[in-house]
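Right after this note come the structures.
Next come two complexes, and both contain chain A; in the first it sits with chain B, in the second with chain C.
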Partner chain A sequence: MLQLLEQTWFRLEAYLQDGGVVMLPLVLVSLLMWVLIMDRIFFFRRLYRKTMSARSAWEHIQQQRMPDPGEYRGIVSLLVADFLENRSGDRMLDRFILDERVQHINRRMKDYLALIGVLAAIAPLLGLLGTVTGMIATFDVLSVFGTGNAKAMAGGISEALITTQTGLLVAIPGLYMKGFLDRRADNLIQRVKTVGYYLRRHL
Partner chain B sequence: MKRTPRWLTGALMLFLLNLPAAQAAAQDMREAQIQARETRKALIDRAAEEQRAAEQAAARSREKIGQDRTVLKKALAELEARHKTLDQEVGRLSAEMERLTAEEKDLTQRLAESDGMVRELVGVIRVNAKDLLALIEQNLKSAMIDHDVAFLASIAEQARFPGMADIRRMIALLFETIQASGEVSIQSGTITDRTGLQAEADILTIGNFTAAYRIEDEAGFLTYAPASRNLYALSRLPSGRMQRQLDDYMDGSSDAVPMDVSRGGALRQLTHELSLWQQIPKGGIIVWPILAILAVGIVIVIERVVFLWRKHLDGDRLMNGIAARVVEQKWDLCHQLCEAARGKPIARVVAAGLNCRKMAREEMENALQEAILREIPPMERFLSTLGMLAAIAPLLGLLGTVTGMIDTFHVITQHGTGDPRMMSGGISEALVTTMLGLTVAIPIMLAHTLLNRSVDNRIGQMEEKAVALVNIVHKNREKRKV
Partner chain C sequence: MSRPNDYRQILRQRNRGAWTWALLSAMGLNLALFMLMPHLLHSAPAKPTFDTLLPQIQVVRLKRPESPISRDAPRPPEVKRQQPAPQPDLNSAALQRPVWPFEINARLPGGPDTIALPPLETNLKALGIGDLFGVGDLDQPLITLTRMPPIYPLGAKRRGIEGSVTVRFIVNEHGSVEKTTIIHAQPPDTFEEAVLRCVSGWRFQPGTVDGQPVRVWAETTIHFTLD
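Moving on, here comes the complex of A and B:
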């Protein structure tokens, strides 16, 4: 097992070395992107599950009862708790306060998503950069040794191909996850807004 | 033989003498006849005498001839006998000669055969000697081990016929070389260092592939020059990581060491490697606008980061403070709080809201909205420029690619594709500009996104705080009414 791990590490190191300078930023971009993606996934998951229906939200507000964190943990219960803390008692004013709270919650929803998107977009550009540096290395060899020395050219070519491959490997799942998280965020925003309108009507 | 002409002459003379006598017979026939009778008698006497002498001589010579004949017969017999023996001898000798000729032919053939074999063998040995010589000369170990190769050279140059002793020496040398090429060793020796001077160094040789040296704190690779049988330090040091690996390996603290299995090819490439800064001038004129974009981008990013950092304020804390004071109706304190954070957009918006606290809700909201809109342009300043720069940089790179390719094709139309070195100028221009365009675009793009996001975040925060302020003020107003 340990040997297998060591072998994998060795191979990975060789792969990174073959890719040249561009591999370091690529790996950093990939790591940062996946840390953010994981963070967002858990964040949304917490808000997604054990959510409250609009009706029970209204019941809680009517009874001035804080949602039980064991029973409800979703984004709607967050809104209800927030609203109950800030409400004034006046009907008209409560409506505005409700709007404010909805806005406050939704503002946080899209955090980091743009950054994830731009990291995913940068990865293929870095891959392209690696391609170009690889080709430069290849042509440097060509200008020194001529076309005869295919072995010397292989280093630059493998650099070009490995970075492109890695860039795409980072970008494709990244873009998919960006889309997934965007949908999830939109969904949550929609849900909060819907509940907001429902409560507004009943207040 | 001699006798016959003598009497014939006598007769002839007789006849001749008779002729004139007959002619003169007209006058004195008798006298003449007497005289002629006397003369004839004298002549007959003389002839008889001469005949006798001649007969005697003939008898003598006959006797002599008889003697001679016997002698000659004897000699003939002798000679015939000799001839016979000689004939026999000749027969014997010619048989012998025939035998010997056959033998000679056989031997010549055998000689030719063995001569061919020997020549072939010598040829093989010469080829091997040449190979071995090349092997030893190319082997970088020869820089440290002094093999005696003079005899190999003389064999290879056909100046010496290889004997068994030479072959044995060759075998021994070959085995020695094979063994040396499998060894990894560290020893001290003399090398030519990077400044071109002779220096003492620790030399690490890994088989006959790679040699490395260490002088004090400098570690690097060596190349071997077969002509001078000397080790030269590469003009450029390897990367720091490789140097550390070499150092560790020579100290025995590591098992891994970089080596060049291509026997110098990779190391030569190492010396030709260019750094980023050396590549930039190869990109032609388009490099300069890209670098200008980089400079402008950096200036904008720094300006924006400083600007936004200075305008940053914890809105939640401010609102909590305001809320507490609004409940206590201490408007002056609220103003003071905003004044303390003077210059920050959120504080300015809140201050604007506090100024029109007595207005109706809608009007107050309008006033706040106006204050927010006033704050937005300075925050968003230069950001669109930054986005544009991020978009332009790769386009310029692409432009450089195209101009580089145009250059390349110009070269091709003029000189053909024969020499790739001719084309490499345009190609390197194309590649360097693309690389530079991307290198500039990527960080600017990242910075643009982050800054944009941060500004959006601040605007959202301002809007939220504005609504919160309106709500706080009105909540308080309702309470007082009640």
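Moving on, here comes the complex of A and C:
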């Protein structure tokens, strides 16, 4: 088991070395992208669970009662807590305040999603850059040794292909997760909006 | 006033480790992803071969110093045997020659001069007979470097005349064409000029005999056909 792990690690090192300089930004992009993705996954998961129904939200507002963090931790309870902290007591003004709070929470749902998308889109471009540098290295070898030295040419070509492969392998799950998170965010935004309209009608 | 703070604080406490968890899980995921990537390439892992090769190299290195020593040891006696051997031979030959007076010596005065053939060959070359070679005499057939097709004469094209021209030329030591002559032209006075113009522009790899570039005469027939 340990030997297998060691061997895999060695192969990884050789792979990164074959890829050349472009592998470093690729790894960094991948790491940053996945940190943001994981953070958003946890963030949405917290807001998804133990959510509050619109009726109990209205009850809480009527009774001026902060939601119990043990019972309610979802996004609706966040809206209720936010509104209770900021409400003025005037009915017309409260409606505007509620709208503003809904907007504020909805905007926070979209945080980092654009950045994740950009990082996922950058990865194949970095792979392309690696391809170009690899091909330049190949042609440098060609200009010195001619077509005879296949071994030296193979270095540049492997660099070109490895970076492309890595770029795609970083981008594909990244784009999938971007879509998944977008769906989650839309879902949560929809929830907040629905509850917002419900509360606005009752205020 | 204390309650809203409580709610916020509790939420914040729960979310405190979120980024570290995200970082750790992302690192784990990345490690797994990048470790799987090399397995997409079906190249054999290089490390085990290194491990097996290294001890072998060391064994060879240990052997190397032994062999030169063993080789050096027998060498000096061989050299010593060789050096004295030729010296007496030369001396004895030099000594023996005057000792043998041959009767035949008087009969063969010009012998060595006639046997030496090189002057004869140079004489032939100087005469220019061996200067020009046919294509068959070459080490390898003539290789064309550039061979422009002739321009189809406009008048002949308009009238729809087809034909062929046989041309003879000399390829010199530098591979360019000299002394182009028309041997046969069918029909006459139509294609000759075009052929002469294009053949003079041809370049060949110089023909060689025994590795020496030589002048070669060659003959070719160019056909003019309308598509």
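Here is the rule we go by: the second predicted complex is superposed on the first by the 201 of 203 C-alpha atoms of A that agree within 3 Å, B and C clash if a C-alpha of one lies under 4 Å from a C-alpha of the other, contacts with A are read in each partner's own complex, and residues count from 1 in each chain.
As a working rule, contacts are C-beta pairs under 8 Å (C-beta built on N, C-alpha and C of every residue); 3 or more make two chains touch, one makes a residue touch a chain.
All of these numbers come straight from a predicted model, not from anything done at the bench.
In the superposition on chain A, A:A171 contacts neither chain B nor chain C.
Legend: residue contacts after superposition of the two complexes on their common chain; A:F42 is shown touching chain C, with no touch to chain B. Using the contact criterion defined above for the overlaid structures, shared-chain residue A:L12 touches chain C, although it does not reach chain B.
Legend: residue contacts after superposition of the two complexes on their common chain; A:L128 is shown touching chain B, with no touch to chain C.
Across the superposed pair, chain B and chain C touch chain A at no common residue. Remark: chain C residues 3-4, 6-8, 10-11, 14-15, 18-19, 21-23, 25-27, 29-30, 33-35, 37-41, 45-48 touch chain A in the complex.
Within the complex formed with chain B, the residues of chain A that make contact are 86, 88-90, 93, 96-97, 99-100, 103-104, 107, 111, 114-115, 117-119, 121-122, 125-126, 128-129, 132-133, 135-137, 139-147, 149, 151-152, 155. By the touch criterion given at the top, residues 7-12, 14-16, 27, 30-31, 34-39, 41-43, 46, 66-67, 69, 73, 78, 81, 84-85, 162, 165-166, 169-170, 173 of chain A touch chain C in their complex. Looking at the complex, you find that chain B touches chain A at residues 262, 265-266, 268-269, 272-274, 279, 361, 394, 420-421, 424, 427-428, 431-432, 434-435, 438-439, 441-442, 445-446, 449-450, 452-453, 457, 460-461, 463-464, 467-468, 470-471, 474-475, 478-479.
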